[in-house]
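Letters A, B, C, D, E and F name the chains as they come in the text, with residue numbers starting at 1 for each one.
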Amino acid sequence: MTEPLPDLLVAPIVQAALAEDLGRAGDITSQACVPANARLSAVFAARQPGAVAGLSCARLAIAALDPHAHFAAAVDDGAHVEAGAVLARVEANARALLGAERVALNLLGRLCGIASLTRTYVAAVEGTRALIVDTRKTTPGLRALEKYAVRCGGGVNHRFGLDDAILIKDNHIAACGSVGEAVRRAKAAAGHLTKVEVEIDGLTQLEEALKYGPDVVMLDNFSLDDLAEAVRRTAGRAVLEASGGVNLATVRAIAETGVDVISVGALTHSASVLDIGLDAA
Amino acid sequence: MTEPLPDLLVAPIVQAALAEDLGRAGDITSQACVPANARLSAVFAARQPGAVAGLSCARLAIAALDPHAHFAAAVDDGAHVEAGAVLARVEANARALLGAERVALNLLGRLCGIASLTRTYVAAVEGTRALIVDTRKTTPGLRALEKYAVRCGGGVNHRFGLDDAILIKDNHIAACGSVGEAVRRAKAAAGHLTKVEVEIDGLTQLEEALKYGPDVVMLDNFSLDDLAEAVRRTAGRAVLEASGGVNLATVRAIAETGVDVISVGALTHSASVLDIGLDAA
Amino acid sequence: MTEPLPDLLVAPIVQAALAEDLGRAGDITSQACVPANARLSAVFAARQPGAVAGLSCARLAIAALDPHAHFAAAVDDGAHVEAGAVLARVEANARALLGAERVALNLLGRLCGIASLTRTYVAAVEGTRALIVDTRKTTPGLRALEKYAVRCGGGVNHRFGLDDAILIKDNHIAACGSVGEAVRRAKAAAGHLTKVEVEIDGLTQLEEALKYGPDVVMLDNFSLDDLAEAVRRTAGRAVLEASGGVNLATVRAIAETGVDVISVGALTHSASVLDIGLDAA
Amino acid sequence: MTEPLPDLLVAPIVQAALAEDLGRAGDITSQACVPANARLSAVFAARQPGAVAGLSCARLAIAALDPHAHFAAAVDDGAHVEAGAVLARVEANARALLGAERVALNLLGRLCGIASLTRTYVAAVEGTRALIVDTRKTTPGLRALEKYAVRCGGGVNHRFGLDDAILIKDNHIAACGSVGEAVRRAKAAAGHLTKVEVEIDGLTQLEEALKYGPDVVMLDNFSLDDLAEAVRRTAGRAVLEASGGVNLATVRAIAETGVDVISVGALTHSASVLDIGLDAA
Amino acid sequence: MTEPLPDLLVAPIVQAALAEDLGRAGDITSQACVPANARLSAVFAARQPGAVAGLSCARLAIAALDPHAHFAAAVDDGAHVEAGAVLARVEANARALLGAERVALNLLGRLCGIASLTRTYVAAVEGTRALIVDTRKTTPGLRALEKYAVRCGGGVNHRFGLDDAILIKDNHIAACGSVGEAVRRAKAAAGHLTKVEVEIDGLTQLEEALKYGPDVVMLDNFSLDDLAEAVRRTAGRAVLEASGGVNLATVRAIAETGVDVISVGALTHSASVLDIGLDAA
Amino acid sequence: MTEPLPDLLVAPIVQAALAEDLGRAGDITSQACVPANARLSAVFAARQPGAVAGLSCARLAIAALDPHAHFAAAVDDGAHVEAGAVLARVEANARALLGAERVALNLLGRLCGIASLTRTYVAAVEGTRALIVDTRKTTPGLRALEKYAVRCGGGVNHRFGLDDAILIKDNHIAACGSVGEAVRRAKAAAGHLTKVEVEIDGLTQLEEALKYGPDVVMLDNFSLDDLAEAVRRTAGRAVLEASGGVNLATVRAIAETGVDVISVGALTHSASVLDIGLDAA
């Protein structure tokens, strides 16, 4: 079970999503067709196998329209489920449930999709030392949720933003004149709880980068041979992160070079939703 | 050229995304490594062919950090571009540009991805009468932008929310007792500027639904034969929308049945980002 | 009974109103004069006859200051009440009730005022086919509530905003060159769930407008004779909406011309509040 | 000329109103019918005589959609204008102007309506010592603007909220046991910059109220004779405010009793909008 | 017991503070180290003697993360406590309590610090007629809370903002040409519930200021002799407020000159936090 | 010169502060006494020596009320200034400047106060290896600004929130059973860019803590001898942070024990404002 995010961080996102969907007049279909006091029981059911993330989004969406709804999760975030599995059961005012359905499914499906894709990558590198990590290529407004979904899928989080670690890239190196100078400046500026990572694009930069003691070196678009050579040369002096050109066809071989961390933008920027339905029960 | 959204609707989303990324201390890497007054020129360049949407997001992200930045779009939203094409040129304070880069790319890449996938579907049905439309399966908080991207790709928008048209689904029909009664109630409740659509899951419901004059009938998960038969029977009495099981392998055949509209959830819920880079120039 | 708006759409308006009234120090009078734990029972009573709308505003205002308050509506929104009628009974912490009183009455009185004026118009056209509809001449920030009040009074809603239907006016026609071209462009741009209305200011424009199949034609400031002639000529090819110069002295005659819809800006822009008091009980 | 409110207080209201009107897709009519780069010149013109208030709302609404629009006020807030008078001239992007028109007119018309009604009351008491003041019976969310409009009409503002003066009413007196005790407690609790007003409903309470030195005594629903008697007995020991039953038929006689202040809820809760149009020029 | 602020005014501040502290991933330490369902009992205990203010901040912070937490205040706001005193007992989900701890202590410590410093000043002038009042030198965003803390310490509040009383300072006098003209204009502009204060910097301005009837005269940086002389000359015609150069060494002598009010910016701008701890119990 | 925060992070705080101060009617004193078009030139001048932080707050406050104001900083954030030094010159609309003055000074004075106190601590440890760092004992809503001020004073920032590093305290250790187990769990849960710190309260915990490789060990309330012994035993295996009982009398001796970092809550929770005035020029 992955540690759930506090509702305090999730509820504002859910409420904004409901406001976006309800617009200025609410669910005019249910108002026209469903009696005000009707009740509805339903289950959230997976139509494909996958990893679960974001059940609290569904719970909070329904609760926002019916504070007295009953919502019972059948599994925990982080669980693997098969097609057909029930994720949660709900009993609520019918209009409230129908009004919250799309928002609940949009968030749940997206987060389960990210968790599921993450799990696939994690499985692909099983037995190696490599961790699968995300990037900042997340949906604006949903970063905390999407990075949570990565954790639910067994992945690890890279930076949450520009402010919680230093990551030196090519433009920074150009501004400093050399990779070494860039790392030196970064180490001098970093607080004692801030890690420093530097991205290099070839083996020739490795030794100069390591000289100034970065916590992590990102090996961007390295060949498999170069990755392995970088692991050998670094010899534990820094955490090594492979990035670029990572997909399900390549990730295993990358992991087997001995890198510590493999970052995969696709986890968040290109995951398909997991197909989940809300079925009357 | 697709009509751009007013900046007033886009700017709050961009600013929230920047705040999410800058966190509480801003871009600490650029602060450490890039002089405060350095300038940077760069181009947004497509790494794959696709359809363009969301250039104003990039412009507004950079302007939020450097109000004096120069941003010149090289193409309009709605344009088709080849791999390598320049989308826009920018010259700005270096820290501002680096600080806004990820937010600009996250939004631009996502919207171009949706526009590009939409265009692929639109091309697949070329020569038929069918329009490609989106659904409400959008990212919470980004619905206006994502539906705009669908328009940039040549698609048409379905409902923007629960409040701007009536769409009767199975639960509503169950609550009313019959499909006819559901349409009757909906027509009675709808204002003179509100259209009524009803979803049916078999030909047997068609005639009863049509009797009460819905504007649109959604044919959910119909076989190709049943779609064609529905077109024949309806004979123009309502707009016919095919939905369910639509993908690039099936969409052409669906369109050739003669339906008016084909709705595709994948346009927004499962589009991959278009790969776009910001290259120093 | 009119279908109430979800609390989710009403509560933010109520809370902003309370914040506006409580300012930075709260209700300093009650703090000075009323013991912290005193209780108060009271009734919301109509001082004039009218139609009820907005009881949830009163409930939510009081609940915001005393989550344990008891609030029992005595009638439903949409009901007609006589002078002296009790609308709701409340028992709450005295300071909370006094602190919420003005906000509750301001919202309730305004919405009941709109509902009551609407009902007067609706009654005036009883027996004709004409529906009474509102306009976008609403109070900024309160459109959803005010249009809800129109429904409570038996009226029907026109557009909720610039985005949920097309309404072509003189400036649009001027930009297109002719009324026919304007309707043609609008129909081409409109999605399959978006209706198109065109405003004309004389009979000479009618046939050209109809040629392109608008859903609704607005007859602006037509004489009674011209309205009747427009009904005759249109012969059901479009919904006809009369607007301009509508007041309680003229609305019946307008309705008797056979138009389908009569829009009345005064419903929302010039309704007086219904006089309602909160009386200790 | 009335001192205008800082834009900082007005702009958020205008922007929220625009967002409410533009919805999720913006002005789809103008997008369909008006070229993106078309310009439009127009004037805001009064269709009835009245007092002007709120020109900055119109300016800010248009500027929000076209930062480069030219807006030139022809009169100042506070001015009296005749029917046909031009209030302001504007030249802007046509879509922006049409998209902002309704918001601009809704705010401007409402505020001018309040200013105009206030001016009518002020004129009715000309030559007496009485000031016309507003109440807290304002539109939720618009209090600052509506009270500003009262000032534009020559009126004076009562409390802005529950926190900026003490106003003792019947429930407070009941909680304290007597009017004297209520005033005594209030004076003890009030800071040195906070005034204390007490509402009484009969002459018998006057002397007891005055004994504790309130700044203002509100005479609620007093007969003309009792008002005059209260003026005589008070002899300047407190400001006297008449309230209740005030309308244009009664206000002159009330003023002639010698009271200092007459509060009129109708100024804000029941003013009709002033009819203003935006005419292409 | 000081009258507590309504939760409605306090909760948004507390929630914003929690969001600031939880960031995008929440309390990652407790997630790593504390079981999800662990409970924790603790007490808020004063480590120094002082005056209590802001217990509702602590209650609301914990409730925001655990709606089912038990929180029992052991004293009321406004109480004086000794070192070691228990202020409140709490039993809650362990992660919730640890996640809310810093926000609760930051607000509580600050408000108790202000209350305690205020009480020290109030004690220093005991037996004189002088009231200790605050200024607008408060923390941006916390004015309502900090002025509440002043009340908890036995102080009185000066203006809450620029809008709830008139305070004429040197720049205003310069703009008007003379102190008398400034007061005259202010009195003419002020509503009947708005007090007027004028700041003077020497005895020579006193008589001219008093001639126009200000409610309060602020004597800025007067010597003790001049303060006493001002009291003598004013003879009750206005409230006199001493300001400038007030500290614990000088406040008693200032009070003994007979001024009514002494304003002390340090109450809010330079109070140290009261040292409070959250101890597992 | 300390790297300034992006305006995007500062402006919302400034605007909220202005809204808090302007209330519902704005600066009624200046409206009464200062002509609408009057201009004012002034300087922000230090009345005490200190370190500068937050000039952009003053600039943004004035610009919010007068977008055309001229503001010229005379020094950079991070500079040391003597009493009497001019920090910035401004020329603006007089009402705008007077209306923004208090907000500008409240923010500027507070941030300069924090920077100045930080600098005093930094000076006290000059020549040692110790860095002075802040804590999370900041003002709710102002953390980013206050931690920026610490940097302006030469200090270094500790965690920005609960989410950007792991800091294990006594309650976490209790929940895990031992300090070693707590560090082990934390290291396992931490991402590759997240540092882990553990707080111990005695030398006996040191070796067990170090065994699991924390990045930082916090030595809480250690005696000077124990600090020195911890430095000796650790021998560079972790960064050592002294905390507790740190004040200007003790900080030098603490630094001389050889610890790397000294955290001082007082930097933010108990700094007095720096006395700064806005003087007409």
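Everything that follows uses one rule, which is that contacts are C-beta pairs under 8 Å (C-beta built on N, C-alpha and C of every residue); 3 or more make two chains touch, one makes a residue touch a chain.
No experiment lies behind these values; they were computed from the predicted model shown.
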Minimum number of chain-to-chain touching steps separating subunit A from subunit D: 1
Using mean Cα positions as chain centres, tell me which chain lies farthest from subunit B. E
Between A-F and B-E, the pair joined by more C-beta contacts: A-F
Shared interface numbers for subunit B and subunit D above half of all numbers used, same, or below, different? different
Would you mind pulling out the distance in Å between where the CA atoms of subunit A average out and where those of subunit C do? 44
Can you work out the whole-Å distance between the CA centroids of subunit B and subunit C? 32
Rounded Å distance, subunit A centre to subunit B centre (Cα mean): 22
Multi-chain contacts in subunit C: which residues touch at least two other chains? 20, 22-26, 31, 99, 143, 157, 160-161, 163-164, 194
Over in the complex, which subunit C residues touch subunit A? Could you list them? 1, 3-6, 8-9, 143-144, 147-148, 157, 160-161
For the subunit F and subunit A complex, residues of the former touching the latter: 131, 133, 156-160, 163-165, 191-195, 197, 215-216, 239, 241, 260-261
Counting only contacts in the complex, subunit B reaches subunit F at residues 15, 18-19, 22-26, 31, 36, 64-65, 96, 99
Which residues of subunit B touch subunit A once you look at their complex with the stated criterion? 13-14, 16-17, 20-35, 38, 40, 94, 98-99, 102-103, 105-107, 109-110, 113, 136-143, 160-164, 166-176, 182, 185-186, 188-190, 194, 266, 269-270, 272-273, 280
Note which residues of subunit E are touching subunit B in the complex, please. 20, 23-24
